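Heads up, there are several structures right after this.
In what follows, subunit A forms one complex with subunit B and a second complex with subunit C.
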Partner chain A sequence: MSKNSPEKADPSSEAKKTISLPISRVRLIMKSSPDVSSINQDALFLTTKATELFVQHLALSSFNNGCGKETNSLSYSDLAKTAEESETFHFLTDILPKKILARDYLKSLEQMQEEDADF
Partner chain B sequence: MWPGQCSSGLPYLSTECRVTLHNVGVEDELPDGVNVSKEARRAISQAASVFVLYATSCANNFALKAKRKTLNAGDVMAAMEEMEFERFLEPLRAALEVYKKGQKGKKEVSEQKRKEKKRADGEHEKNKEDEEGEDEEEQRMEEEPEEGEEEVEN
Partner chain C sequence: MDGDSSTTDTSQLGITGEYMASGQYVLQPQDEDGEESMNDHEEGGAKENYREQDIYLPIANVARIMKNAVPQTGKIAKDAKECVQECVSEFISFITSEASERCHQEKRKTINGEDILFAMSTLGFDMYVDPLKLYLQKFREAMKGEKGIAGVPVGEGLTEELTDDFTNPLPAGIITADGQQQNVMVYTTSYQQIPTVQQIQFS
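Up next is the complex of A and B:
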């Protein structure tokens, strides 16, 4: 499952094997951030490694916290649940919204409109 | 907004950036045989992208505070603490050690190659090599800060 960056046969490939995320992609994302001019190579490595740790932390927390434990699976709702319930992962709530049924959404929309009408 | 609010608002997220990190390493921590749904995978990779942006923005604030234009390792570590991911600090430090050693080895290997190339090219200029030995040292020192900002080739 690991996607290693293409390596030449040299000693540094040992160090690179410690991460499985593609550094070039991470760099791309970092550069897209406004106000960032340049990135030190060590910083790039650390960010990549940190992201890897984060992914594992998120997956494990969601798994332990979620309903998938019985069925030995990790589903989207496990992740959404963790994002909402855990302070650490709270910054993810925008991209991991809990899913609701369309009819429930429409119902709450109606309620909101009724409340507005009262003003 | 976020715990330990340090970044300036929501991270800029282009649609392209959202799904750029493929899901790798997810199963390493999970017990064997856990099924991860496709949707969950995609969500995790998006979460990873957001994490990178958030961390970068946070680290950049530290760099700017120190009036630096280049993000360095210390900034990233500070960002982790700010984001309340102290649990990452130790493993990150350890990984950085290994990485730096590898980089050092790489540099020595390329220095070695360069020396050998010189030797091969400048057989007739053998005398000059002694003088250039000193220059090489200086070159190496100068290169260090530059290499720090170089693009990492993949």
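Up next is the complex of A and C:
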């Protein structure tokens, strides 16, 4: 599906050009949060724009931070590493699990159980 | 004598298994409401029955932004693209729930721009706030150019969505979701190019 719209010198298409993500989809995601009733137009625009910045930020940070720089390619593990190490992206750790060896996982599981036992 | 394997005595149904003499009782499952009906709870016919985790932004858009962010010759693995796609939905939900909470605290129903900016600042994305304010200003200026014209909503489809939610007094529905041309409003005011700080160009 081509997103190309013909160049027109009117404000609405110029404003459109500053955004490269579908706003209605952003809105849908926002509405899926519990207790969200209505969303102001500014808020929607800001969220969409912020999402663009976020993608750039995440991609670049991960690329520079991970093995990406050497291999010149961004991989999943670069992203996971960044989520783990960066305060800003820490909220992503749940959906970006780092792949660890099974024995390491079992070890950490034991440690967790020991901590629970202290309660 | 051992108890029945299941009990229909309603007075016992409310009692947990610990009160039963032997462990052989099977509690009748009571009607479970609330949790189960989450998906049915939606109002508004326009909304489809998506689960939150299934809604993503189109991967082509996401991939393009990523590609423009990394060095020119850099490559991006396919699973990295998909992964960022999911991260994006997570990010949006993250910001939205924070903004929504603040909104509720202040007894307001509509999430506005300030709530979003505040949420970002709170959640560690304060580096976005200043560029965003700038973008918002430019966006408003672009919209303002149409204010003098009769406030006829542009196009269909998107406008219907927008007028449900937007309390903005400006003519609604200027931004189209997918870049298609909507019905054109005739502008008689002269239009100036908006210089942008950091504009993502897509041809």
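Definition applied: the second predicted complex is superposed on the first by the 90 of 119 C-alpha atoms of A that agree within 3 Å, B and C clash if a C-alpha of one lies under 4 Å from a C-alpha of the other, contacts with A are read in each partner's own complex, and residues count from 1 in each chain.
Note that in this section a residue touches a chain if its C-beta (ideal position, glycine included) is under 8 Å from a C-beta of that chain, and two chains touch if they have at least 3 such contacts.
Please read all numbers here as calculations on a predicted model, not as lab measurements.
A.B. asks: Have a look at where A:Pro22 lands relative to subunit B and subunit C in the superposition and call it first, second, both or neither.
C.D. replies: So A:Pro22 meets both subunit B and subunit C here.
A.B. asks: Taking the superposition on A as described, I'd like to know which of subunit B and subunit C A:Met30 touches: first, second, both or neither.
C.D. replies: In the superposition, A:Met30 touches subunit B and subunit C alike.
A.B. asks: What is the contact status of A:Phe63 with respect to subunit B (first) and subunit C (second): first, second, both, or neither?
C.D. replies: It touches subunit B and subunit C both.
A.B. asks: Looking at the overlay, does A:Asn40 come into contact with subunit B only (first), subunit C only (second), both, or neither?
C.D. replies: A:Asn40 sits against subunit B and subunit C alike.
A.B. asks: Taking the contacts subunit A makes with subunit B in one complex and with subunit C in the other, which residues are shared?
C.D. replies: Of subunit A, residues 1, 3, 5-6, 10-16, 18-30, 32-43, 45-47, 49-60, 63, 68, 72-76, 78-79, 87-88, 91-92, 95-96 contact subunit B in one complex and subunit C in the other.
A.B. asks: Name, in rising order, each residue of subunit A that touches subunit B in their complex.
C.D. replies: By the definition above, subunit A touches subunit B via 1-3, 5-6, 10-16, 18-30, 32-47, 49-60, 63, 68, 71-76, 78-80, 83, 87-88, 90-92, 94-96.
A.B. asks: For the complex, give me every residue of subunit C touching subunit A.
C.D. replies: 47, 50, 52, 55-58, 61-62, 64-66, 68-71, 73-77, 79-80, 83-84, 86-97, 99-100, 104, 109-113, 115-117, 120, 123-125, 128, 131-132, 135-136, 138-140, 142-143, 145-146, 154, 158, 161-162, 164-168, 170, 172, 174-181, 184-185, 187, 191, 193-194, 196, 199-203
A.B. asks: Please output the residues of subunit B touching subunit A within their complex, sorted ascending.
C.D. replies: That would be residues 1-3, 10-14, 17-18, 20-31, 33-37, 39-40, 43-44, 46-57, 59-60, 64, 69-73, 75-77, 80, 84-85, 87-88, 91-92, 95-96, 98-103, 105-106, 109, 147-154 of subunit B.
A.B. asks: Name, in rising order, each residue of subunit A that touches subunit C in their complex.
C.D. replies: Residue list for subunit A touching subunit C: 1, 3-6, 8-43, 45-47, 49-60, 62-63, 68, 72-76, 78-79, 87-88, 91-92, 95-96.
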